[in-house]
Structures are given as C-alpha cells and as structure tokens.
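Chain lettering (A, B, C and D) follows the sequence in which the chains are written, and residue indices restart at 1 in each chain.
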Amino acid sequence: MPGRPHLFVPGPTNVPDRVLRAMHRAQEDHRSSAFPELTQGLLRDLQPVFGSTRGRPFIFASTGTGMWEAALTNTLAPGDRVLAVRFGQFSHLFIDTAERLGFKVDVIDLEWGEAVDPARIAEALAADGAHAIKAVLLVHNETATGVTNDVADVREAIDSVGHPALLLVDGVSSIGSLAFRFDDWGVDVAICGSQKGFMMPAGLGMLCVSPKAMALVEHGRFPRAYFDLRPQVVHNDQGYFPYTPPLAHLFGLREALDMVAEQGMPAIVARHARLAEGVRRAVAAWELKLCARDPESRSNTVTAIVVPEGKDARQVIDHAYRRWDMALGSGLGRLNGKVFRIGHLGDLNAGMLLGALALTELALHDAGIAVPYGAGVAAAQRWYHESA
Amino acid sequence: MPGRPHLFVPGPTNVPDRVLRAMHRAQEDHRSSAFPELTQGLLRDLQPVFGSTRGRPFIFASTGTGMWEAALTNTLAPGDRVLAVRFGQFSHLFIDTAERLGFKVDVIDLEWGEAVDPARIAEALAADGAHAIKAVLLVHNETATGVTNDVADVREAIDSVGHPALLLVDGVSSIGSLAFRFDDWGVDVAICGSQKGFMMPAGLGMLCVSPKAMALVEHGRFPRAYFDLRPQVVHNDQGYFPYTPPLAHLFGLREALDMVAEQGMPAIVARHARLAEGVRRAVAAWELKLCARDPESRSNTVTAIVVPEGKDARQVIDHAYRRWDMALGSGLGRLNGKVFRIGHLGDLNAGMLLGALALTELALHDAGIAVPYGAGVAAAQRWYHESA
Amino acid sequence: MPGRPHLFVPGPTNVPDRVLRAMHRAQEDHRSSAFPELTQGLLRDLQPVFGSTRGRPFIFASTGTGMWEAALTNTLAPGDRVLAVRFGQFSHLFIDTAERLGFKVDVIDLEWGEAVDPARIAEALAADGAHAIKAVLLVHNETATGVTNDVADVREAIDSVGHPALLLVDGVSSIGSLAFRFDDWGVDVAICGSQKGFMMPAGLGMLCVSPKAMALVEHGRFPRAYFDLRPQVVHNDQGYFPYTPPLAHLFGLREALDMVAEQGMPAIVARHARLAEGVRRAVAAWELKLCARDPESRSNTVTAIVVPEGKDARQVIDHAYRRWDMALGSGLGRLNGKVFRIGHLGDLNAGMLLGALALTELALHDAGIAVPYGAGVAAAQRWYHESA
Amino acid sequence: MPGRPHLFVPGPTNVPDRVLRAMHRAQEDHRSSAFPELTQGLLRDLQPVFGSTRGRPFIFASTGTGMWEAALTNTLAPGDRVLAVRFGQFSHLFIDTAERLGFKVDVIDLEWGEAVDPARIAEALAADGAHAIKAVLLVHNETATGVTNDVADVREAIDSVGHPALLLVDGVSSIGSLAFRFDDWGVDVAICGSQKGFMMPAGLGMLCVSPKAMALVEHGRFPRAYFDLRPQVVHNDQGYFPYTPPLAHLFGLREALDMVAEQGMPAIVARHARLAEGVRRAVAAWELKLCARDPESRSNTVTAIVVPEGKDARQVIDHAYRRWDMALGSGLGRLNGKVFRIGHLGDLNAGMLLGALALTELALHDAGIAVPYGAGVAAAQRWYHESA
C-alpha cells in the first residue's frame, strides 16, 4: 500500500531513522583494541535509563523473553520457590517461564486489568516465615492490559514484612519510556528488550542487576550457559563480550542511547504521559472502556480498549490492518477478541498519534462500532493543546 | 523533536523507504558494458508516466527549474516570441526564465487562483497571423495556487486557430500524480522533476519531447551546452550519458518507476484524487476558502487555503513547524501571508493526511483561527470511508 | 582512517550492501496476517543451506553460542553423558557449555591443528556397550585452527559400532560456505549463526533438527525456556514466533537466502575452495606453516598461520590493525601469540583477498617476519588465474 | 558477482558509508527557518577545500560539466574570446562547451600527455595587446591523461604580460584531493563536482568565484537562467536556494565536508600523493609507460597507463571488469585503446589499492601483457612501507 504504514502495536515500535542509519554499517572485529570504547560506553549509558548508579547492566543477543530466564537462572537455585502476580499475558508468561525452568511459583491471580495490590504480596511473604520464597516476580507494565504497577509500593510491601526475597522486575514495556528508579525502588534484576522504549528492532535483551543479586550470581547453582552472567562479567570488564556480539544492534543502541541522553529521561517520561493522556481522552470520547480499571495504574505506553459486548476486537484490528495500513495490538490470551491495544511508546509525537486515532475511528466503524467521526481526535487535540 | 516530522509541503515529498534504500548503494562505472541496461530501462519506463509512447524522455542532473531552460533553449531560436499565462508563482517564474534567456513573452495575466481560459490563448494566437509566436508556455498544475489546467483544452484552442506554436508544459507538480497524456494532448515538451510525484529527493530534471519538437532540436540555434539534447541523444542511444550521471538518483528513479508500475498510473491518479478530496472537505468544514476559484480546476496534488482577512498565514505555518513538527507550504509571491498550502502528492495515505489535518487544526488555533477541533478530520474521515 | 577497513576475521564477515539495505527497514507487526509469508519462506529456504529436506530449521535471536545450548538442552536429559573431541577453542567451548549445563562429557583431546580421527570416536562408542553416551558433539570446522572434519566419516564411525548416539554438529563457520549434507551425513542437530557464511551481522542463531532428534524434543526433561523448541514448533507452524522476533535480522536473512539461491550452494562452496587455496599458496610462498596439519582437513573458510618460533603473532595482528586498517583473527586459547588467522568466508572475491594478502605481507614485515614483498600475492594470483 | 566490486575509475569514486548513510534521510522543507544553518555551513566549509577565504562558493544540482557553462556564462559576454589549452579529453570538452556557447576559443594544442607550458600562455596573451581575450580556460588535472598543471605558474604567466584575462580553472578531478590554492593562485572561477574528491555520488556541481569575477556576474550580458549566479547570491545570502535544492546531496556534502575537516586537507593531499606514488612504482615494475610525460606533472588522482604497441587497452579494461569485477578507466577520445586508467582519489587506502594493482596484473595477463605476477604489488608495498 502507498505511504508509510502506521505501526501502533506496543512493540516493536517505530525505529527512528537515526537508529536505522546507525545500524547500517560495516561489521568490525569485536576483539579489536578499539572495541572496548563501544562496549563500555553502552554499559555506562544504560544505567541512567534503568535509573541506577549501582546496578550492573548486561546486554544479550536475545529478546526480553530470554531476559526472564537470565534473571531467574542467575539468581536462583534449581527448584527455588518464587512469588508472582498474574494479571495479564506477559505476567502469565513470566510465570510460565519460571515453571518451565523448574521453579515453584506461588501465583497471586488478579483480574486482567487490575494492578497489583502490594498488600497481597506483603501478606504472602508474611506467611513465608521460613523465607522459602526467594524472589518476587513483578511485571512493571503489563503490556496486555495497559496496567502499570507501583514498584516502589511493592518494594515497601516486601520490606514491611522483613522478607529477604529478591525483586525481579520485567520492565520490557516501561524502561526507556516510563520513570524507572532501579536503585530507589530496590529492584534486584530489571529486564528489558530493545524493541520498545529503546526504539530499536527486537534482538537485544538487557538486564540491570543489583549488587545484592550480583553476589548470588557467582555462586548460583542453576545450570546455565548462554545467559550465564559470569563470563559476561569477565569479558565486559575488559570491554568485550564472551562471544560475537550482535554488532548492528550495538551500533543501534549507541545511537538510541545518544537520543535518550539528548532528550533526557524526564522529558521522555513526560512526553509519554502527555501522549498517553490524549489516547485516554479519545477513548473516553468514544465512550469505550479501558481494560485498566484503576485510573492510577493506566499505562503511559499502551492502552488496551475494551470493545462493547457483542463486538469483536479482532474485527477492529483486521480492518485497521487491511483497509488503513495500521497495526493495532490484539487482545492476548483470555482478552482475545475483547480488547484491542494502541501502543504509544518510543519515538512518537502528537501528529503520528492523531493520525492513528483518526484511523482507529475508521476501523471502529468498519467493525460496527460507530463512534462519532473525529470525536476522539478532537478530545486528544484539545488535550495536546492544553498541555503543549 | 521526537517522532517522525510531518512533511506536507508540495515538494519535496515523502521519499519512500524503498527509494531511499535503492539510492544507498555503491557507485559504479557509468561507462561499463552493463550500464545501458539501467539507462534504457529508465527511459523506457518514464514514457508511461508522461502518458506517451511517441515522446522521447531525457534525464538531467538538475531540477525542474533547469528543465524550463532545456525546453526553451532546445526548441526555440534566440529572441523568439512565446505566449504564456501567469496565474501563480511558478507560471511567473517560467515566464521570468524565458525572459532572462532573451525570449519575448506575451503574457496573459490572470488572478492568482484562476485557471487558464483556453479561449484567451486562442484569441492571442488568432491575432498572430504571422505565426511569430513560436511556443505556448503552460503550467499544468500551478503549485502556488493549487490550480490545475486542462491541457487538452489548451491544445484544442491552439489547433482551433490553426497556429503552429509548440506547446511547452510544466508538469512539475502533476506528472506522476495526475493524469498526463502527453501524446493525446499534443504536448511538445513536458517538464518535471524528481521531488514530487516521483517520490525522490530533488536533483533530477526530466523532459519528454515530441517528435515535432525533436526535429527542431537538431537545428536549434540557441547557444546551449549542459541542457543541449543533442549529445544526450547520441549517448542515450547507446545507453549512456554524455557526462557522469547522478547515479544515486538513477538508482532511486529505477525503484520509483518500479513502484509506479506496481501500482499503475490509473490507481495513482485515483489515489491522489481521493486523498485531495478529503483535504478539500476538511477545508470546507473549517469554513475557509480555497485559493483555487473554480471547483473544476482544484488540484489533486496541492491545496492552497486562504486565511480569513486580518489573519496571517505565516503564523499557521510557523506554529505548525515549531510546535507540531509539520511543514506546510507558504504563500508564494503575492500570496505570501494570505494562503498556506498542504501538499498531498507522492507516497501518501489517508492516515498520514488525517494526522496532518489534525495538526493543521491545532496550528490554525495557534494562529488565532479557531476552527472546531476535529471538524476537518471528521469531514475527511467521512469521505475516506465513503470512497474506500 | 580513510578508505574501507579490511575485515578478515573469520566472523563477523563482510555484510553485503544488499543485506544491510534489506535490514534498513521499518518494523512491522509480527502478529499480522501477512507475517507468515516471511517466516515460512525463511524456514523453507534455510533447509537447502543445511543440505536437508528432512531436517527442521529453527531461528533464534541469539548467537551460535546459544545454539550449543539449544542443541543440548532440547535433546538430552539432565546429567546425560556425551562424547566430544577437543581440538581447538570452539570445540573446547562447546564442551565447556555442555559441562556448565551439567552434562558429563567424555573428551577426546587432540593436538590443536589435528582433525578428528573417526576411529577414536568409534573406539569410544564401542566401549560404551550400555549406550550411556547419548550424543557425539562435533565441531565441523574448527575456527580456531582452520581444520575441517569429515562429518560423513564420523557418522560412519558411529554407525559402524551400532551406537545410537545423536550427532550434534557445530557448523558455525561452515554452514553456508562449505558443503554440508545434513541428511546424507545423518546429522541430528546442526548449529549455526548469522555472522559467517550467512553474511549478516551476528544476532541470529539457527538450528536444523532431524526427525529423530525432534522426537526427543517433545519429551525432553531438561528445564529450558528461551531455547525450548516446543513453543517454536507451535508458533512456526502458524508462521509466527513465540515472542517478538528480531525483525531486522529476519529481513536480512531473507535477502541473504535470496543471494544464496541466486548463486547456488555448489557455486558458493566452489568459490570458498578456490579463494582458500589462494591463501594457502600464499602461506606456502611465505614459507610459513599452517596450523592445520593434514592437507585434507584444511579449512576453506579460515586459515590459521603459525608464526616462526620467537615471533609473536599478536604483533602481526596489531600492526595489521593499526597501520593497515585490517582485522586479522587472533590465536585463541593456547594458540594465542602462536598463530594469526585469515578469515576467507562469506561475501568475498579474489580482489578483496589479494588486497588482504598484500597487507598481511606488510604486517608480517612490521612484526619482524620479512617475507618477500608480493610473494604470497603472486602465488595466489597464479592460482586464481589457473582456476578462473 | 560475490564480494565488493572494485571501483577504480577516476570518478565516480568510492562513496564512504558515512556519506551514504547521511544521504539516507527524510526530506525536509527547504524553506523552513532551520534550513539556513545547513546552507550556510556548507558554503562556509567549502571555502577551505578550494583553498580560499575570499572566493564565494556556489552549489548546483548539476555535474562538473554544467559548471563549465556556469563559469563561462556568468563572467563573459556573448561571443567573447578566450584562450585554452587542449591536452586531453576534458580540456577538449571544456573548449567544446565554450564553442557551443558561442565563445571564440584560441586553442593551444599539446600532445595528450603533456602538461601546459605557461610560456605559451604568456606568449599568446602577450600577442593580444588589445586584451580581446577575456579568460584563460585551464584544466588543473586532466583526468584523461593523468597530468596535473601548475596553476600558480599559469597565473604568473598571465601576470607577467600584464594581461587582465580571467583565470577559469576546472578542478573537477583535483579539488578535494590535490592542493588547491584558489586565493594564492589568483583563480577567478574554480569548478568541481561531487563525485571525485568529494566522495559523493555525482549530482552536485560546485564553483568558487573570486571577487573580481563576482563583480562581472552582476552585469553579465550572457542570457542565462539555471546557472545564473545572481539569484543564487540573493537566496544564499538568506541561507536558501532559488529553487528546491538536491537535499540528499546536501546532506551528503555536509558529511563529506565533516570528513574533510576531520582529516584536514594537508593530510588528504599527502595521502593522495603517497597512494599515487605506489601506483607509479607498480607501473614502473611492470615496465609500462605512463601517459603523463613529465614526472613533475604526474597526477596524484589518476594514472593513465600506456599499453605496449600492438596491445589493446580495452582488453585490459574488459577483462578487469568481467573476470575480476574491477572497473578501470578507459582511454578517452584519441587515447581509446592506447591507455587504461587507474583512479586513485577519494576515500581510499593502501589495502584497497594493492588489491586493485593485483587485479590489474591479472587483467594485464588476460589481455596478453604478461607482467610478472606480484611485481607491481611488491613495488607499491615497498613504497607504502617506506613512506608509512
């Protein structure tokens, strides 16, 4: 189809031309004497995106999915017990990964659309007097439902009952877009990927690991190889990687981190909040419901929108794709057919989003959900004006 | 600014990624035995874009501006008299070019916003019993006012009085976007550039020359060198150029012509008409006036919009650029401050244009022209739905 | 430094412009209805590169290193015993990976530079009457020493003693460059990465799995998640991936596989053989020794060259890099300082390699190894002429 | 053919990846308030490449060929008389351009391969007591023969006879590669293009104009439009161009000028001298003759090599192209079949050139000129070592 396709899934996000250009580059010897400058610069500049000065970043040729495994296998022993909250497809898959790796997962199940109640975590940990639970697995921003949790409150809940469990946080759809304070929140391992806030193609998994968790890595007993942090430490300390790194992605990450530094994380966070509010006002103007129940927990990176009873969200997505060249996110798992999702993270501005809202209105019509033309757009416009 | 800038000037237009990729390529020997395949393919595939099977295309490292000179100097003798209509900045500059080259130009001046009345051309030519007028200079689509002329009618007017004048047509903002029938309309030289309907960066000027005009080229007495078609003929016939051609642009043109062939000129013309109608409906919803007076002559590649008395169109453009990262076209020459222009040609779709209309509404507000939020967007949406 | 750097490490290799261009592309929704065409085309076209019609290919965001883990954990049970031959750094690391994952490895240690003697494998397996050994781990082409093994002979050795062990083959520096006959050789899992014969940046790991091995995958008891083939099977069957795939690399792989198909694997194999022979003749002209002892096993993708006693290969590499902008491969592990390596795989031609040989002569001089200027180049030239 | 083609024509030259990347960028509004920063930076940074602080640079969408016309038509009146030396194909074409534009050219004809003798220019000018000769046309570096003239000597010759003729210099294959001192040498107009020392694709013509020549521009009587400097002056002064500029090339030029500034013109000039000397030593080792007679005038950007009597240089070029994927320059005009040319200008290093020399040896063999294998390479290597 002519013209630029409209990519509004919550990842992969739109890769800025600058990043694509940076990746379009001849390969180099990853063992050269010049290479450490690249490696060390990347690891250094990742820290502020995680909101950390004490945590240690790692970079893998992987995806966010692989980082779940890395977080778990580097800090836990075979068969360890962990606590996790399930409130959407990605928290479900994080749990599934842990179980497939043989960990025992105590699951707190919520309605999909709810945020985590820290009191329930405190309660579960309080009941674990023997400290059998070694880690709490938390998805910061549930991409499937558009719900953001308050990590600081979870940390407080853990601390409030004096439980030593590690806090392992999936920040795949938050880090680089939402405020993330690794140190302040006492996160032990934070996980992310390249294809969302980092504005890159998928292909990199990244971790930040606290000193407390690093101490466990060295003596970890879980059999592991590819995701083992130990050889990474040895090689990263010299500015290298233990195997041929994904160089094109490293070049892209260099550029992406430069862009982050130029804009500054506070401005990036504010931009995501402002753009997201426009989407929420559009949804309100459409008189549709958000999947995220609690206004406080509505995500600034993705909005999941519930279609009216009797309508099929897949129709919205399908018409958007085939008639209007726009990719919307589908309802995942049990939300399939019930919600569609607009991703509004990464390299985005008001004009792109207004175009997407206009197309969404057309696709809603196509799917038999006749919102007034321009209503959502107007609500978003008004907000963008007010907040400019 | 984050996100993709919104480019809605009527040229340069948005270059598709495919074309940029095609231009991103190592240079080659332009005298190699493999080179003619490129040259000859380009010249062959240019013909249908001009709507010609008999005309001969030429490609120059130049811009459309240079093609005015090429058209005039290859077909006319020094000091020749020509007839031209002035109804906007580009028809003005075409005349200016002719005068700077020493031709005598009989000018029919119209209000800027009007289309050419073929009767006036017929009248002027009828008065030239001696056939002193050697050519009629016509801008097909006046980019400054958003007015498209009916070239067939002009040809008919010339023929109706039995005048042998050549018909030299500037199709810079029409060819590749609007229907153009070089052969059927009896055009003698058609002129265009790469940065509009051809979806490329500026840097190529292209011509199509009728057999009648080609016959004049050989014996042309105007002193000329760079734009002389004679060495082009000699070298093009062998598949080469008389000097180092702009290879990156030739690679880009190859890809652009492939895209044109894939979509088909009729579909491209229909798409431009449909997208343009959405813009016009938005303008009507804003209760603003078009610069183009006659509904029949409203351009499908660019719309010039008149701001209300007492308002300054430059403010609209300035706010669009600085607050919303959108480039709109300015009012040129005597229209400066009175109109702003939306370019809607090249590689474009409904979503891109709806985003642009939404931003235009914001910029209108910023400039003190408070159209209802979403009103223009809604009008365009309705049309895109109806016409899908 | 001005001009194009000379990349002659045995991976990453020179990425053709076509592939870089193909990767320079907007992201897409990996769950769209159009996506399966990409996935299925890649998996289909990977088969002939592996030399297979029966094996099942898989693609991971990973590197070759990760594929060792995938091969082992998908086909073996925790603590299983395997047999492996160590004859260079990469066979060493394959073994190390297996051990870190808790497998028991019976190691046959060879001099580094020797090829595997199938008789020793047969002998070891014959001694395993209980069939405790579940797999034989074999590096097809040892990148550290420039030695290629005969996989067919190893398969024959296994069969000769009627042992049911799987044959897991690391083809990282062979597949896509050397003849590889997955089916004919009875390979059970073949492993490769994107950054060598596949002419891409690192970042993809690829596997081919035999029906016999696939049968084990389903009931595999090793705890695994990221590299688990089971969800890959489920999603690949529909044309998707179980998580966001590394799209830029998939686009690149599409182009690389098209290039492979255009040239044809037999021609690619023949080109590698021809180019490699030129390098070996140059080494002979320099009167230096190859690390690879047996002429039959000398690799057509990488040549490891032993520096004279008392000289330091690191000096050669260092001068090549700093003075001549050429990256040569270093001696790995116990060969550090004793050998340097020239990678001659991937998208390469005689002119590139002759330039590299000329620069190598300069770097040898710089390191105090005064070969006659042009001697190696002349030997290679003569061969390229003869064999043209 | 696999691997990177070897481009050794004296233009277009190898475009560095950095420049290609810079050109791979979205278009912008060339009338925006941000645009002057680009324009003014380019014009400012062009000056030092011309070796000027007083001259005024101009940039056109054109090629070097167009700049001949621009130089002549902006400074001369119709029918003016000029003096020119013909000593190769490009000096011939410069003269031809002048004649086609109606100027009267007094031609000093030399053997092709000779450099200009300033005494003959002085003599011709001395004979013109009436100062009818308005300009001297000089090709600084004759790309067809590999001969570089001494511009300072020519200026001295003009001054020695007190003649006021302008000095118009074609620096197409010298500027950006060889030392050029516009101010010191009293050049009035210097001409160049983007596709040689500027390391870009063809498509830009550039001029530098002295204050003396600028004074003539304003009152110039030659009918001109596209190449008229007057509107350029008006618009450039504001940071704009009188028509849509070739934006991709301007982005590329920005990057190229940054690279020039990083390396510094003295280092660039020295590199060209060093690389060229290696080629000349190779030719000597081959016992072939240079087209350039005088050692003092041998070009550091291109070497034209005479094949032995009875051999056909076209065979060398043809075999190089078809068998070895290397483009060599052909003999132009009367040198066709007698010489072949190696371009060694732009973004080049020793390794690239050694590869090219090795391939040239192969192609010479193919054409029946059996130079000893490696002989030229060895001679060049020795020199590159000595001069490192």
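What we mean here is this: a residue touches a chain if its C-beta (ideal position, glycine included) is under 8 Å from a C-beta of that chain, and two chains touch if they have at least 3 such contacts.
Owing to the predicted nature of the structure, the values given are computational and were not obtained by experimental measurement.
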Selected pair, greater C-beta contact count between A-B and B-C: A-B
Longest centre-to-centre distance from chain D, chain (CA-based): A
Rounded Å distance, chain B centre to chain C centre (Cα mean): 54
CA centroid of chain B to CA centroid of chain D, Å: 34
Cα-centroid distance, chain A relative to chain B, in whole angstrom: 46
Shared-contact residues (touching 2 or more other chains) in chain D: 4, 14, 17, 21, 24-26
Touch-based graph of the chains, sorted into line, ring, star, complete or other: complete
Chain B to chain A touching residues, read off their complex: 1-4, 6, 14, 16-17, 24, 263, 268, 271, 323-326, 347-352, 354-356, 358-359, 361-362, 365, 372-375, 377-379, 381-382, 384-385, 388
In the complex with chain D, residue positions of chain B that touch it: 4-5, 7, 9, 11-15, 20-21, 23-33, 61-66, 68-69, 78, 97, 100-102, 193, 195, 201-203, 205, 223-228, 242-249, 318, 321-322, 327, 330
Residues on chain D engaged by chain A in the complex (per definition of touch): 17, 21, 24-26
